[in-house]
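Structures for review follow.
Two complexes, one shared chain (chain A), two partners (chain B, chain C).
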Partner chain A sequence: MAKTRKPTLAVWKFASCDGCQLSLLDCEDELLEVAAAVDIVNFVEASRAVAKGPYDISLVEGSITTPHDAERIHRVRRSSKLLVTIGACATAGGIQALRNFGNVKEYTSIVYASPQYIETLSKSTPISDHVFVDFELRGCPINKYQLLEVLGALVHGRRPVTPSYGVCVECKRRGHVCVAVAGGTPCLGPVTNAGCGALCPGFTRGCYGCFGPKPMPNTSALANYWSAGGMKRLDVVRAFRGFNASAEAFRRESELHDT
Partner chain B sequence: MTRKDITVAYLARVEGEGGLSIKIRDGAVAEVKLRIFEPPRFFEAFLRGRTFAEAPDITARICGICPVAYQTSAVNAMEHALSVQVPPEITALRRLLFCGEWIESHALHVFFLHAPDFLGYEDAIRMAADHGEVVQRALRMKKLGNEIMRIIGGREVHPVNFRVGGFYKAPARRDLAALAPELEWAYGCAVDAIPWAAGLTFPDFEQPYEFVALRNPDRYAIENGRLVSSRGIDAAVNDYLQWFNEEHVEHSNALHSVVSGRGPYHVGPLARFNLSFDQLPSPLQDAARAAGLVPPCLNPFKSLVVRVVELAYACGEALRLIRDYCPPDPPAVDCRPRGSTGHGWSEAPRGVLYHRYRLDDTGHIQDAKIVPPTAQNLRMMEADLRAFVAPRVDMPVDRLTWECEQAVRNYDPCISCATHFLKLDIQREG
Partner chain C sequence: MTTQGAAQQPDARPPAFLEPEHFDDVIQILRRRGYRTIGPTRRDGAIVYDEIESAQDLPVGWTDEQSPGRYRVRPRGDHALFAYASAAHAWKRFLHPPNLQLWRAQRTNGHVELVADSAPPPRYAFVGVRACDLEAIRRLDQVMMDGPYVDHVYRALRRDAFLVAVNCCDPSGTCFCVSMGTGPRVTGLADLVLTEMVGAGRHFLTLAAGTASGQEVLDELGRRAATDEECRLADASVEAAAQNMGRSLAVDGLREALANSPEHPRWEHVSKRCLTCGSCTLSCPTCFCSTVEDVTALRGDATERRRLWDTCFSVEFSYLHGGSVRLSPRSRYRQWLTHKFSTWHDQFGVGGCVGCGRCITWCPVGIDVTEEASVIRQAVPLPGSTGPMTE
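Up next, the complex of A and B:
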């Protein structure tokens, strides 16, 4: 099929820290090539030139936390052929989804007592709760090489290839000593999706779950193992309530211990 | 009545979501508003109940552009609370990691976010078509900053190796030493860029700022120091809140910080440069002077040149730290929880970042307060816009709009950061 024009790329921000879209600018060696392969037509963090849609590819960073954003994401979806969410906020609600737990009622009443904050929803939700998402890129932050893989794949019309196994696989492959077994350090590696390159065990610390749950994670076995080793109940809760606290498997496990 | 409105719905080339509206009535500036609509994320609320050890990783997520500043201010505050003194090897390694963040952030802001304004481009990618070499060199410097963070911290955004008490693992000497040749190149490249930056055209605009920055007795302040100002503030970290007040304005999801009883103030590279110029190495002082940059510099647009000077400083300082590097052993000192309050700060690329935590006996956070640099600059940014627009009301709207955006970008604003402490207000009302 003859290409008549370069695909257009738009980058959108919702509630987030900007780190995932910064990852695109962090592709120093590839940035100008990316800019040559796709037309970056809407990337407010980098350019004041903004073109109207529709867009071939939209990268969406951040979670939905306001009524306005809950509307805006539908407009983004309507103007995008392919919508890819980037990072833990967009795929799982992010660290700000900690508001979804525990004292929500009390907290919401505090929030809504002040008219300035009436625009704040009581929950932080992932993009897929609101619109259809074509592909999700995990991580807090995302791995920039996975971002390049996604862009490359979409430009060439193939499916992106990202790992669908746990951090343990990456960790073994790198030859790190197991921090959990050898060091007794709590590690979320067995239940967390690969993608970071098993960074934390490489620094002799336990994985803290940046990439969210892997497919079919046995979170209960891990939690029971920790509990048997003497970990306090609330520490188990906190371990699952990090940057992917609202991802289904982590949320469920943390709630089992939060009694 | 003649009306003219400048509206920027969504400010570009800044970090986070904000807009700008200026109303001109009968040739006078009637209203200036920097609208901050970045959604609040309530960090101080959910920090409550987390352990002291979690603060550096959690607060890093406030900002993907200056996570090391958040981690540093958090560990400074926690170590203050727990009465922990880290050995100089750990402080030096933190400073080196921080230099990486300064290099990355300054290279990004100077060449990608700010310089396009001065050269008349919408962005750096368009600028690259005519100034390819400048952009390529900037990318290479930015990459080097990221590389420092990757070697010490594991990754450039939200490094994983930082902890209260030190590091999880000290990097090997040879891994850091391998960066030296590239740092030497970057230092020379940044020094060469000083006259280039000074040769840009700057609007004729000066303001009588009160500059506020950290000052360290030994060296240009980055990871710690005392707080000083050009109008006599000289404060230890636990006195921060006695000097500054936060005011709530309707149009902003961020509080505005002012010097108590005095008004707005200016934090960031220009403040650091003006207050600690004497601590820059003499070759850099000479290079700045040769480019016509001498303290006090009161033109905020020239913060671009100052960032280039600081970029060179960070490269030279990183080089020195790598040459002197002695891996801390053990990489972290033991930290035992105790009930107390700790204060900490550091110089984020865009200015002073203050943290305060109250801990219970088991080391759980009872209360947290975070004052990011952009929140401290917001009031000043509005004051700048008011003063900047007043003599320029007759300029074509398009041109004036762009120059106003440029004036906001002088501060390298980080709106995601600025928003996260509005929750403090909520808690007071609760």
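Up next, the complex of A and C:
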């Protein structure tokens, strides 16, 4: 805490919905604390005043989907001491990575009146496919308490405390009734990283996998159990093709059933 | 009440007779005595343990169906109060809270001050502690406060807890308390022991005091003694339950078989099916593992240390310098099963499983400990396989 100068913070947007950066504004009560801990010098969502880099901390939201962004991310990296990616788009390619399983040309020809003006890459990829990332904060959207934790850790030079286990652990701590067992609802909780506080099971919904695969997830055991219970192949594929469709473990599992 | 055998019943009086529609009197007496009454209640398609304010909060007329990986509630068509097996929650949720602040610290002008939570712990009355769960509490007592390392949070909550135990008449498809010698009849010490007789046109409760404070509650209730006939009927219901176990487990030789089979092929077999989600350990009424986490304010001038339930199924659980000792899912499943049925004996002189069936029911893919353990037990222990467990 002996720092004389507050670290500067920049927020960057790539292909995304803005939901994750909004989590920062969403901090409301804690926003003053954030402002006291860091100098937010580049955050167009909040202020038009933009200061030049280099920046101590960059929060990067969104995935890389265009040739222009594939270049821009290198400039962001060069101007950032620490680069933290936030959200499913930046860490796994996001929902737009569904294009990775199809043909972008086909999509653009259907969606746009003049597809010839669309310059886009065939795949939506996470930031870490392009530049070195210092820390990945997952979620769709990210959890604001985790964001505060990561900022606090970076400011004070310690390791962020974020979970490395699955959603079931949070679910059981909270005392939720398991929707898979008591309701027969497919739930990705057993293979998904914790971080949301088991939000959906708390509302008797199955987990959608917003925080991506947990370490060493046994996705096949879950998928096989669903299949044995009568779940259709297409539904198994769809369960793994959500906001983290392109995260390695989920992608592999969905492809096994996509035949 | 404190631990087993501490306070004994003054004299063996016959149990009291109580009409089920007056069971609320017991709850109200306990509440007037300052207890927070916790008991079974229906929520989100299951019977859970939560605060109950009156007998109306009980799952009146409901029962459960349990099988590996599956739980459903269904109406019974009567007004039974306790006609179901172990609930989704275990009582450890109250005695060993899943998420607890241990202390917090504040820094002012370079001076760090530690602040402990000074609020007195709640006085709980647990209403409807089934035989297996009563035994589970006793086994937790051994771990948390009867040994050399006392958990003060647990002890404070446990010391003041009032236990209304239930002789179990409605085992589920995943129960095996008979195999584990823990039920369905209550044998441990509880303040009150309740039996519910329902069927053959009759429906009544009998209530026996197990401690002086239980007797006080019975005295205040002021009910007549149950007749011999009523006691016999109630007893027969419990007797019938013992014949009605959903599962069984042969335990002789199991402890040794597990200790001697670290390389049994069954570990690989189960690891293909297991999600390493930890639902089994977190549902288990005796699993006690926890971790601590620090939550530090952005300003860096305040922090709190929290204790959270942990599970030996997480990779981080066995993280030592340089990495996790139990990285493979196989080694994590083996840790759980071996701890429950083998090494718990080494540590505490008794096993870690009471046969409540929760881990079987609440496993999202229906893995059954009785099946896994039986396969290992049947194996002929390989000579020379007693060395240290390896990955």
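Here is the rule we go by: the second predicted complex is superposed on the first by the 240 of 259 C-alpha atoms of A that agree within 3 Å, B and C clash if a C-alpha of one lies under 4 Å from a C-alpha of the other, contacts with A are read in each partner's own complex, and residues count from 1 in each chain.
Operating definition for what follows: a contact is a pair of C-beta atoms (placed from the backbone, for glycine too) under 8 Å apart; a residue touches a chain by one contact, two chains touch by 3 or more.
Only a predicted model underlies this, so the values are computations on that prediction, with no experimental measurement involved.
*Asks:* Give one word, clash or fit, describing how chain B and chain C relate on chain A after superposing.
*Replies:* Here the two partners, once superposed via chain A, fit next to each other without clashing.
*Asks:* Quick one: classify A:Tyr165 as touching chain B (first), chain C (second), both or neither.
*Replies:* In the superposition, A:Tyr165 touches chain C alone.
*Asks:* Using C-alpha centres only, what angle sits at chain A with arms pointing to chain B and chain C? Round to the nearest 10 degrees.
*Replies:* Taking chain A as the apex, chain B and chain C sit 110 degrees apart.
*Asks:* Please work out whether A:Arg99 is in contact with chain B alone, chain C alone, both, or neither, and reply first, second, both or neither.
*Replies:* first
*Asks:* Of the partners chain B and chain C, which touch A:Ala51 in the superposed model: first, second, both, neither?
*Replies:* A:Ala51 contacts neither chain B nor chain C.
*Asks:* Just checking: does A:Asp69 make contact with chain B only, chain C only, both, or neither of them? Give me first, second, both or neither.
*Replies:* First partner only.
*Asks:* Of the partners chain B and chain C, which touch A:Tyr208 in the superposed model: first, second, both, neither?
*Replies:* After superposing on A, A:Tyr208 lies in contact with chain B but is clear of chain C.
*Asks:* In the superposed model, which partner reaches more residues of chain A, chain B or chain C?
*Replies:* B
*Asks:* Could you look at A:Gly175 and tell me whether it touches chain B, chain C, both or neither (first, second, both, neither)?
*Replies:* second
*Asks:* Figure out whether A:Leu199 sits in contact with chain B (first) or chain C (second), or with both, or with neither.
*Replies:* first
*Asks:* Can you give the closest approach of chain B to chain C, taken over C-alpha atoms and in whole Å, for the superposition?
*Replies:* For chain B and chain C in the superposition, the minimum C-alpha gap reads 9 Å.
*Asks:* Mind sorting out which residues of chain A both chain B and chain C touch, each in its own complex?
*Replies:* Residues 204 of chain A touch both chain B and chain C.
*Asks:* If we count contacts the way the header does, which residues on chain A are in touch with chain B in the complex?
*Replies:* For chain A paired with chain B, touching residues are 13-23, 25-26, 28-29, 31-32, 35, 40, 43-50, 65-66, 69, 94-96, 98-99, 107, 110-111, 113-114, 116-117, 119-120, 124, 140-141, 196, 199-200, 202-205, 208, 210, 238, 243.
*Asks:* Going by the contact rule at the top, pick out the chain A residues touching chain C in the complex.
*Replies:* 1, 30, 33-34, 36-37, 148-149, 151-153, 155-156, 158, 161, 164-166, 168-169, 172-184, 187, 189-191, 204, 215-218, 221-222, 225
*Asks:* Spell out the part of chain B that touches chain A in their complex, as residue ranges.
*Replies:* On the chain B side, the touching residues are 10-17, 38-43, 45-46, 50-51, 54, 57-58, 61-65, 67, 108, 112-113, 122-126, 128, 135-136, 139-140, 142-143, 146, 154-158, 160-161, 163, 167-169, 248, 250, 253, 402, 405, 416, 422, 425-427, 429-430.
*Asks:* Over in the complex, which chain C residues touch chain A? Could you list them?
*Replies:* For chain C paired with chain A, touching residues are 43-46, 48, 69-72, 88-89, 93, 98-99, 272-279, 282-283, 293-300, 308-311, 313-316, 327, 329, 361-366.
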